[in-house]
Structures are given as structure tokens and as C-alpha cells.
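In what comes next, chain A is part of two complexes: it sits with chain B in the first one and with chain C in the second one.
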Partner chain A sequence: MKVKTAKNTSSAFKKKRAPKAAFFFLSLVGFCIVFADLLPLPFSPTALDLQHIYLPPLQTQDYIAGKPFHWLGTDHLGRDVLANIIYGCRTAILLSLPAMAIASALGLLLGGIAGFYGNKAIRLSITHVFTLLLTFVLAYYYGFYLPEYSFKESAVDATQPFYLKWLIFISILTTGLVVSKWLHKRILLPLNVSIPIDQLIMKCIEMLSSVPRIILILCLAAYTRPSLYNLILITGLTYWTEPARLIRAELLRVKTLNYIESARAMGLADFYILIRHALPNSLSSIIVAITFGTAGLISLESTLSFLNIGLPVDLPSWGRMVASIRNNFSAWWLVLFPGIALCSTVLSLQAVSNWLVYKLNPRNR
Partner chain B sequence: MLKFILKRMAYGSLVILGVLIVVFFLFQALPGDPVAMMAGQRTDVSTREAIAKDFGLDKSLPVQLVLYMKDLSPIAIYEDTPENQAKYDYSVLTNLGDNVLVAKTPYLRRSFQTNKRVDEIIIENLEGTLWLAFVAMLFATGVGILFGLIAALKQNTFWDHALVSLSVIGISAPSFVAAIIISIVFGYYLADYTGLNMTGQLWVTDPIYGRELHLENIILPAFTLGIRPLAIITQLTRSSMLDVLSQDYIRTAHAKGLNFYVIVVKHALKNALNPVITAVSGWLASLMAGAFFVEVIFNWKGLGWVTIKSVETKDFPVVMGATLFVALIFVVVNIIVDILYAATDPRIRLSD
Partner chain C sequence: MSVKSSDKGYILEVNNLKTYFHTESGQVKAVDDVSFNLRKGETVGIVGESGSGKSVTSLSLMRLIKNPPGKIVGGEIIFHSPTHGAIDLTKLSDKEMRKIRGNEISMVFQEPMSSLNPVFTCGDQVMETILLHQKVNKQQAKQITIDLFNQVRLPRPEAIFNSYPHQISGGQKQRVMIAMALSCNPSVLIADEPTTALDVTVQATILELLRDLRDQHGTSIVFITHDLGVIAEIADRVIVMYRGKIVEQGTVWDIFSDPKHPYTKGLLACRPRLDMKMRVLPVVSDFMHTDALGNMTEKAQSPTYSSVGEAILLNFIDEDEIKERQEKLLLQPPVLQVKNLKVSFPISKNFFGKVKDYVHAVDDVSFDVFLGETVGLVGESGCGKTTLGRSILRLIEPTSGDVYFENRKISDYTGESIRQLRKELQIIFQDPYSSLNPRITIGEAIMEPMRIHKVLSNDKARKERVIELLETVSLRADHFSRYPHEFSGGQRQRICIARTLALNPKFIICDESVSALDVSVQAQVLNLLNDLKEKFNFTYIFISHDLSVVKFMADRIIVMNKGKIEEIGYAEDIYTNPKTAYTQALVNAIPKGDLDEIRKIQMKRRKFRIPVAS
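Here is the complex of A and B:
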């Protein structure tokens, strides 16, 4: 018996069939997103055709010359499946890309800080911490708490106190900062404490990821007004944990490398090293995380519209098409076509991210 | 080792506390008046005030948080009144003057919709989810290891490519699409041959025969839930098996002239399964949370089903309770997995 030696590089990558197909499909999706309005579609995605509900695809029975034709059938309100699939690309990308942008920006920032600074790099003097805490409470009290009562009596215009509140708040804080600097110079309490910023951020991530993300999004989306902007914010603010974790791990590796040390030796500022040297060198894993996350967000979008939570009802979406099969089980075309569109988009994004992993690894060049 | 366990548990309880605070403020910030939901639209002021007082809604937010935490803690101090006795169902430990130190099951408040205790609702629905997760994991592990083994032994042949491509599709297919396709294909189009229902529950109450166990209803949801773990286990087993098969001791075993199946099963598979088993143990918790859509689509009575139903009816206490419960399971399983890792690998407990 011959034992073959292990090669973990899949043969599909060498032939480059999978990434090619993925890029082709993604460019098709991109074309649909950009030129959806210019395509000669016979129906708009929201147009109802109540005489032809649950029409199977390529149904020629009541086809009259000159009348528009439902290529891929219709759903329970006679909406055209083809138009919905093409415009659905737009909804999927409109949600997932901005949400991923928010998530990766947050993840980059927090993960970068956690990984680069670690537990001991940021040190604050106790004087600063105490005076800042004290002035924060004072500023909140005089800026927000007190005016709420005093202005209620004197019926001042509601817009004016808003600026005033922030002005008072910020000015008290700045005074506190100046005072704490002065106190520190007078060596009142020259003790320093290190802020465990890595621990803090990691505990935050662990907390967020132990609540099932889907419940978090469902609750927030179910109770706020259904709109794309709300959903983008909600998903962006809940999806940052994975990019953050990845970037932290990558930075922990990069930070020990020689060139970072030499940059330190040159006397460059920490933040400059982080932005200019450390982050660009861990970019490959970030790009992979972003493509992978986008695939996840696209399936999240259709899941939410499948459950009819969070997204406006008149937005064309793949998930909404799939949902309408629950009233008529013999309408297979309502699952097949949107399902194929959804699965192939997610698959191609994952294939692209696998290809990127392969390409960005210098050993494979 | 003991120090490591204690430290891990302390961190875990901190995370739980954080989750509790986050969940509490999250549900406070959501729009909607709990009193109106409890009492309905047409109630007089005194009833509303009584309900608000009962839930502590007339107090400030931090006080409410403390009250909620007091409700949740298994040991607490209360005034010994019949109302408190009925509300918390406690057993007295010691008397402290007017108050009593009591032990109780955590009181997660009552459902707005049914007025049942939330912990009862969770326990009632937990059974279905546990069964589903267990059967799905069993199926995924068994079949996944088999598939991974086949793919590794027949590397770079048709079977290998087919299994790897299938597992890639299995990982990436969104769970609701997979669920709806499986339920319609096997429960509707092929129902005459499979004899399965599209939706169903573990216990079906029949008007004539009473409460009956319907084990066949678990097949489709468990299969659907198992697809993703199955795909991941297939890939894990394949790569780790390939890794092991290329090592020296396997070549030695071949050179000794051992039987092929003895080498594969006794020598290679035993070592290749280590990463698979650790991965499986970590997933059981996430499977329980991942069962949401599967439970909704197959109408399977479980934790996810009841949570989504409560989200739709805006039943805050049930959603809060279920969220906290799932988070608790997550944290506890994470701690157990960490301790297991540390027990097997001394480097981990020394580095932390």
C-alpha cells in the first residue's frame, strides 16, 4: 500500500478554476448593482401583478404577444422574481458593505490598540485619573443634570440649552485636565498606574460574543423603526469583535518583529508606529477578515428579511422572496432562484477570501 | 491548577455580570411601555401603579438594576411576607429580625403574555433544544469523521474533491435556506416516501392518545442543524488525517507490515481525532444558540423558537431570560473547555 504524502494546498487553487468562477460571478453581481436601473426588465421589483400570482417560470400559457413576460415566475403578490433577484443584489450590498466598513474600522481601532499597547504600555498618573473622574462627575452634574431642572422652570427655548450643556460640560472637563496637569507637576501624587487596555477590550469582546449575536440584532432590529440605516448601525456595532480579535492576534505577532523595535529606537511615537508600520503589515489578515465578514453579512441581510424583521417591507431582497414560499409549498422557484443567487454570492466571496489567503502568503509566491 | 480554575471562574462571573448589565440596559433603552404590555390598553391608574410598584418600575434605573440582580441571585434577603413567599417561592435559611435570608431559584420575572414564570418557560423549552443539539452533533461527528477519513485516504481523487466541495457548500449555505429546502424537499415533495412532516415537535398532544413522543420529527431539524458542523468536521478530519499519515511512525508501521486498517484506525485516526474532539466540545454551546432558524422553520419547540416568538410579541422578560441563559451556557462551556485545555496542556495554565 502506498501512502501519499500530505499536501494541504488544494488542487483547485492551482488550476485557479474556483477563484475565476467566483470573480466572474461577483462581477456579474456588481454589474447588476450598478446597472440595475438600465437593464431592460419588463417589471419593477415592487410592481404587483395580482392576476398572475404564483406564476411558474417560463409559463407561456397566458402569454400574449407584446405583453411582458415573467421569466422566473412570480410570488404571492405577483411580484416578478427576476427583477427582485437583480435588485436584491443592491440591498444585500447596501447593507453589508457599509456595515462591514463600520465594523472593520471599529475593529481596527480597538483591536489595534489592544494588540499594540497591551496591558502595560499606557500609563496614567493617579492624580490624572482621580481629578478626571471627579471633574467628569461635576461636569455631568452642572452640564446635563442641573440644567434639566433649572431650564424647565424658566421655559427657555429648547435648542439653546443643548449647546450650552455641552459647552459647560467640555469647559469643566478642560479645567479638570489643566488642574490635573498642574497637580501632577507639583508632585502631589507621583504614582503611576498602568491601564490594562488589552484586558478591558478583550473582556468587552468576550461579553459581546457570549450573547448570541443574532438575538442582539433581532432585539435591536425588532424594536427600532425598520430602516436600512438603523440596521447598518446595529450590525456594524455588533460585528466588530471578529476583525478586532484577528487584528489583535496579528499585531501581537508583528509587534515582536525587529523593524518595530528599530522604529521605537528611532524615537517614533507609538501611535505613528501603529498606523504607519504595524497595521499595514498585518493588512493581509484584515482583508481576508473583511471579505469573510461581508459574506456573513449578506446572509444575515437575507435572514432578517426572511423573518421580516428590521428591513422595510418594500425593499427588494432575496430573503423576502424565499419567505413567500411558506404560503404555497409547490412554488419551488421562489426558493431555487433566490437561493442560488444567495448561496453563490456567499460562496464566491469565501472563495475569493481563500484565494486571498493563498495569494497573500509569501510562501506561495 | 486550582488557582487557574479559580481565576478562570472569577473572570467568567465578571463576564456574566457584564452581560447582565448590558442586557438590562439594552432592554431598558428599547421603546415600549412594560406596564401597558402587562395590563393591556384599558386599565385605571391604580392598577398601573400597582404593576409598576410590583416590578420596581417606579424607582430609578440603578435601583431597578440592583433589584433585578437581587431577583436573580440564588441567595437574597427579603421581608418575610406572604406576597414575597408567593412571588419568589423561596425556602428560608435563617431569620434576621424582620427579614429572612432565603435560598431560591433565580427569579427571572414573569412573561407579559402568559404570566408564567420565565424560568419555567426556559426549562420547558430547553429539552427540545438539548435533544436537537445532541442528535445533530452526534450525526455531524459520526458522518463527518467518516467523510473526512474517506477524503483523506482517497486524496486527490473524485471522492476527495466531491466531499471537499460539498463541505465548502455546507459551510457557506445560509442556515435558513438549507432549512427551508430540506423541509420542503423531504417533508413535502418526497413526503410519500419519507413519511416525515414538514414541521413537528418532540411531544405532540393528541386529543385521543394524550401526550405522545414523536421521535421521527427530530430527523429533519437535526439533519439541517448538523450540516455546518458536519462540513467543518469533514475538513478538520481530512487535514489532520493527512498530517498524521505523512508522519514517520505511520511509515514505520507500514514497514513493519501491519494491516492497512489497523494502521488507519488504531495508529492514525486515534491521533488525528484530537483536534476534532476539542472542536466538537466547544461547539455544542454554539449549536444551541445556532438552532434559532432551524427551530423556527421546523416549528420545533425549543429555546430559539420561544425567543423569536417572544421577540415578535415584545415579551421582554422571556427574551431577557433566554438571552441571559444562553450567555450563561456559553460562558460556562468556555470555562470548562479552557480548564480541559489547561489540564491537558500545562503551557496554557503557566502562561496565563
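Here is the complex of A and C:
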């Protein structure tokens, strides 16, 4: 009996209190992000107060009403911890959400295609494959390689229109597509090859994930200027493997279910089935993948700031604060407060994802 | 530990057993005040449909109810153990219960496929039980195991001792399970649907084995099944359960010859019969009425039928009428022609990826289906009937051969037009639980194919049509915005049927469409399918492993075996006059459940029972 009551309370907690607390915390974070500039903070996050470096938190004896006061202490340059935590929310979310959006969009698409279509379902005629491969090479050459080269030669401003390259690239590709359609009709090569799309994508994932992620990001970051925009791109383009793999595994299960076959028997198109029937039923793992990924990215941002790469130095961030403990190991507040903020955000995201998964199941409506 | 002993020769006395489950939506009385006895050497059959509490009863006897959520909340189970005397199983500690389980009371489960651990050899698993409960060394245990394998008539017992479960067939696995259950010579054997997952011919041999073992060892058996035909073959006494309660118990003869309770009458009447053709199947609701709380009342005012016999007499179709229909059908044009269809799957490839070996799931099959006809496709598992059905729809691509639908080759349809073809050719799947997307309301699910194929002009008209369809399959308009999990298995199958009808198809393939349903629900769905046939002049291919169901539905039957057509003929002829040995074996293996059979079996049983009684 005891076991049962314990279990009941824990599940009740899971369903009611945890998501409420998580929502409360996340809305607090949201509030900080939006209204950080309007908050009556005594210090700006980048303001240096060199008279008060390594000030421990809540030194109330120094408090004089009406004068600015470091509630949660300061770091080695006398920057206010409270202000940094509040502004750090911005950095954390500004990096992780767009990066996760890129990663999950890529992951959904590639994982979805790999899992749902497998190695046999997509068949292309040899003419298509041949002409497409050929035009891809041509398009890349004239679109990206040649302009780069010629621009360098002619010493024109390096910031030539970015979209022009893409325009050339895409127009050559479309021409190739039209040509291959035309060829297909004329030649009528009956030979069709199946594209092992699953294998291709999986190999790609394996390649990406066999390099330790932090090293990969370090290498990529070395080539680009440290900016939020670049970091979002880099993390987004390396983080998609996990959602993709999860979604692929889930789709492998879902696609054998009867309602998928029955949809096929109804005459629905494959892509429609994937979007309408297969993906919604892998929703729970998609949500879990996205929230865990977001949580991971928030920690990654802290890690990168800790390592002092990636983010511009003047951007307030939780990780940078934690990093500053390297200079003075007795400054525990520099780890504790940002650490609490980081942990709570990650936990809240996971609690909310659990709640979402529960709520999206029609059984629990 | 010991309680009063009984002098009536009982081995198991169950008094007022109550097993409740606590769920989020409240308490479920899975077993509600159930009392019955089991004598030495007797076989009691517990029969009931899903949710009747028969399996929970058996698990309660073994004290295998998972807690939470389930719990035995009342009653006693007195077991007269040969070694411990009379004991109440509900009061034993877990440790004491472990000594009883597997040793004095043992159990055979439904799924032989998943009841054996795939990483150990069959012999190891049986030896494990022996070593656990008996004081023998490994060598002796092996000898006992091999003896047991001989007893359960496994071929090459030595070889099977060293085989892994995936290397032997389903029937053989169930024999290993029985050997395991019998290994410690238990006084009570609980068999929970031991033959349900098996083919009929295998089922017949397993039943025979159980009968023989019971007679040799004097084991008492509690035999649980949903199939009244199987009960008639093996049980001495029958307990009929409905929603956790026993509604009737009596000797097998009494239950079958003179059922008292309306539910029992309904169950007996709604089974499709092999010996005659019925127009409609009687259903349980013809006999009784269930109110919202689950209380049953006999339909006193104007019962549709007063007895099972009457229900059958009022509905059977005479031979002249059958013949007339058969002649009329042959004058119709063939709507579907299958010519030399072959479907093979590669099973092994050589180093360069070239396929070395194929398994021929469908091997050179040809037949015609005429307009308005129902063709039954019957065969055991693995005979290729499902593959055949799917390759007609091109859900599986045929390897060679042609299928013509309305004189047009199905392989000519490509891309867009194959979807148009699927509008005309529809399939109803076996499992109503997984053939509906759980995240889409049933209204949407039915509307979806209409939208894709642009049936009707706008969603408003489509919605009206959906409601009309729901009413056709006797569901209500307000079901439109509900989700699949809110419906029972039978209702879901109706939804699937409604979904199929949404496209106004001409031709429907029913792939084991009623196999996952209870008999009483099965009867309703079969009647519905038959009504629809009359109303819309559908052509059906009805695929099932159950010959009696196929015979009820079909005008002609195709018997398949190992990918080939064994026999094609009129439904009546297949049953009365099977031409091949395989069909004959198939027909003979079906438990008939008629009174003559019961009498024969009970007479045979008498001979064995006399020494037990004395």
C-alpha cells in the first residue's frame, strides 16, 4: 500500500506541480529577456566596478539605502552578478532557440525522410540521377567556386551579393532538372535505381557525430568571426544529428503500424502520410528531442563561454560568469547563482516537455 | 497455514473471489465475487469474451496479479495440496507461494512465441524448473526433460533439447511450454488460451495432447478460452463469465444442450456454423439487454428468439436459394482476374548482393472474382493469403503475373492513377486497434480520403456524408469528434468500415477483418458486412484463417496452402465434400461444438474417469 501512495503522489506531482513550477520559471526567464532593459537594476551587466571586485553576495552591512548595491556579489572585474544572470537569459535563449530551430528543422526533415522512405522507396531513373549529378557540379562551379576566384582576381569588394551566388546555383540546377525531365521522356531509359537515402543520411550523421562535438565546434569557430549569428549557425548545423536519429528510429516503428498502411491503401500520397500520420505520432519523441536539445544548447553556450570561444566577450552570459571562477576559487557565488539559473532552465524545459507530451496524447484530454 | 480439509474430492475451491484494479478513472472490478470448484482429474473450462475477467481469474489463482494496480481484495482460494494439505492461497506469503507456483499449480500461457526466453535453449528452460523444485542433479534433470519431451510428443526430443525457441514451430513451442508446466507433476494445470495463437490443425493436436496427458496423470485443468468450440472439445464443466461475474456454470452437456442464461444462449447462437448457411447471425443482444451499468436482463418482452435452436432455424438459407445465387453470380462478368500471380521475397543474398534464395509467398495463383460475389480466402498462418490480398492492391509489388481489375491491368497504373485505383479497391485490416491514427478524430479520419480524392465539393457536404456513413455502420453522429481510444474493438472496426465506404469502392478486401474481435462482436460486424453487400452490391474477397467465418460470408472459397491454391469451390462443397487431403484435414480440425461431438468425447472420457473416481 505504501508503495502505491508514494507512486500516486509522485505522479500527481509530475502532472500538476512540476509543470506549474516550470512554467512559472520559464515565464520569469521570458520576462527577463523581454524587459531586462526596463528593470530597475543598479548596474548594467557590462559596467565595471573595479572598487568592488569579488564582492560576496548579500553583504548587507555595506548596504546604504538609495545607493547601488551588488545583491549577488561581483566578479573579478566588479561586474554585477545579478545583472549578468538576468541579461544572461537573453544570451542563453537567443543562442539556443534559433539554433534548435535550425537543428530540429533539419533533423525532422532528414530523419523523417531516412526513417520513412528507407533505402528502397525512393526510385529515380538513371537519366535523372546522371543529369542531376552533372548539373550539381556545374552549378557549384559557376555559382560558388568561379565567382570566389574571379572576385579575388579582380579585387572587387569581398562582400559581393551573397544571393547572386545562390541565384546562379539554383538556376543552373533547375535547368538541369528540366533537361533531365526532357531527356527522360525522349530516351525512356527503363532503368530505375533506388536511392539509399536512409544509408546516405545515416552515414552523414555518423560522420558528424564521430567527431567530438565540442572539437568540431571549436574548429568551425576558429574559421568564423565570433558572433552570435555565426555560433547559431555552427551549433544548429552540428546539433541536428540527434533529433534526426531519434525521429528516424521512431518512424521506423510508426511506419509499420496498420494505420499507415491503411492510409496508403486509401490512396494517400507518401509525403502526405509522412506529414499527416507518421510525424504527429512520433510527436512525443520529437518534443523530447527538441527540449533536450535546447537544454543541451543552453549548457553548450555556457561551455563555450567558459572556454572563452565563440561568443563575443562583451556579451553577458552564465557560462562566462562561471568561467571567471578560474581566477579565484573561493568566489563560490560565481558558480552557484548562474548554476542555479542554468539548472532550473534545463529542468523546467524538460518538465514542460513531459507535460506537453502528456497533454498532446488524445487519451489525456 | 492449513485450513479445513474437504471431503468432496475437491482440489481447488474458489469462494467469493474478488480482484479489483485501481486505475486513474476509478476502481475496476475485474473479478467480482466468483466461486467455483475443481475436482481431482476434472477439467473446468472458463469461457468469456475479452474483459470478462477469465484471465484475471486464472492469474489470481496463481497470485500473479500485478500490484499495483491490481489486488485480490476478498474471498479465498483453497488449494488441497497433496503435500501441504488444504491451504488458502490468498493468505500465503510470496515465498510460500513460490513453492506452489510451477510445482503444484502450473500455467501454460497464450503466446508460445513470447513465453519462451529466446536466449536459452528449450531444454535449459524446462530443466530450470525441474532443478528449482526437485532434488535432482543436472544429469537426472536432463533425463526427465527428455522424457517429458517424449510425453508431449515432440519429434526428436534430443535435438529439441538443444534448440533455441526460434528454431522450432509455434505448435512445438507450445508443447515445450506444456512440458515445462508438467515437469513437476502439478496437481492443477491452468491453461490460459493455450491454443488461441495456433492454427486450427495445430490446435487440434495440442487439445488431443492435453486430453491424453490429463487422463494419464489425473491432472486437474482449468482451461480458459474465448472459443466455445474448444471448450466443448476438452472441458467437463463450463463456467461462463461476463464482466467479472459468473453468469452460468454447469456440465458441458447442459450448457450446450440447454443454456439457461440469455448471454450463454447468445454466445452459442452467434457462432458462425459450418453445417448450414445462415442469412444473418443471431447476436447476443437478440437474447438479452444490457443497461448502462452493466446489469443484464433477459429480453422478456418480444425476445427475437426464445432459444438457440429457434435462432438458427429462423435464419438458415435452404439449398435451393444458395444454388440460385450461385448460378446468378456466374452470369456476371468477372470484375477481378488474377493470372499466375507470384510474389517472392529474397531470403538470402550472395556476396555481390545477388539474391540466391527466395521464399515464394504466393506461388502461381490464378482465379476470377465475379461481380457481386464474395470469395473467401482461407488458409493457415504463412500460407500467403495476406500477401495475396496485398499484392492485388499493389501494397506489395507482385514478382510476376497479372491482376486485371475491370479488364485493366493493375500493373499499368502508375503514380497518380494507382491512387485512383485504390479508391475503387479498398481493404479492411485485421487489427481495428492499430488501423486508426490515434491522434485524429474519427470524423476527420473518415473525411480524409474523401478530401484527397475530391469526393463531394466541400467539407460541409463531406461532413454530412460522414455522419450518414456513421449511421450506416450503427454509430452516432456525435461520435464525429471523438478519438479512436474512446471506442471498443467492434466499434473501431465499424469506423474502419465506414472509412472504407467513404470512397464508394466497388471491391473490398477484408483481411482477417473480424479475427481480433469477440464472437458476439464478430457476429455484428459480419452481419453489417453482409448488409452492406446487399445494399451496395459490393464484391468482397474475405480473407480469414477461420473456415466457419469464411463459410458464412463466402459464395466460393479458395483454400490456400504454402502459397498455392489447394482447392477452389463453392462454400458448401468445400465443407461437405473436400477434394484434397489438406482441405479435409482443415475441415476436420475445426472444433464443432455440436452435441454429437460432445457426447462422443464425454463417452471416451468416462472410460478414463472411472479409475480416478474409485
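Definition applied: the second predicted complex is superposed on the first by the 264 of 365 C-alpha atoms of A that agree within 3 Å, B and C clash if a C-alpha of one lies under 4 Å from a C-alpha of the other, contacts with A are read in each partner's own complex, and residues count from 1 in each chain.
Keep this in mind: a contact is a pair of C-beta atoms (placed from the backbone, for glycine too) under 8 Å apart; a residue touches a chain by one contact, two chains touch by 3 or more.
Treat the numbers as computed from the prediction; the structure is a model and nothing was measured.
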Dominant toucher of chain A (residue count), chain B or chain C: B
First, second, both or neither for A:A295, with chain B first and chain C second: first
Which superposed partner A:G267 touches (first chain B, second chain C, both, neither): second
Touching partner for A:L218 - first (chain B), second (chain C), both, neither: first
First, second, both or neither for A:R363, with chain B first and chain C second: second
Which of chain B and chain C A:S210 touches, first, second, both or neither: first
Which of chain B and chain C A:P280 touches, first, second, both or neither: second
Touched partner set for A:Y259, first chain B, second chain C, both or neither: second
Touched partner set for A:C343, first chain B, second chain C, both or neither: first
Shared chain A contacts, counted only where both chain B and chain C touch the same residue: 3-4, 7
Of all residues in chain C, those that touch chain A in their complex: 22, 67-68, 393, 395, 418-423, 426-427, 429-431, 434-440, 448-449, 452-453, 483, 485, 496, 499, 503
Interface residues, chain A side, partner chain B - complex: 1, 3-8, 10-12, 203-204, 206-207, 209-212, 214-216, 218-220, 222-224, 295, 299, 302-303, 306-307, 309, 319, 322, 325-326, 329-330, 332, 335, 339, 342-343, 346-347, 350
Touch list for chain B against partner chain A, complex: 11, 14-15, 18-19, 22-23, 26-27, 30-32, 155-156, 161, 164, 168-169, 171-177, 180-181, 184, 188, 198, 239, 242-243, 245-246, 250-251, 254, 260, 289, 292-293, 296, 307-308, 311-312, 314, 319, 322-323, 326-327, 330-331, 334
Contacting residues of chain A [partner chain C, same complex]: 3-4, 7, 257-259, 261-269, 272, 276-277, 280-281, 283, 360, 362-363, 365
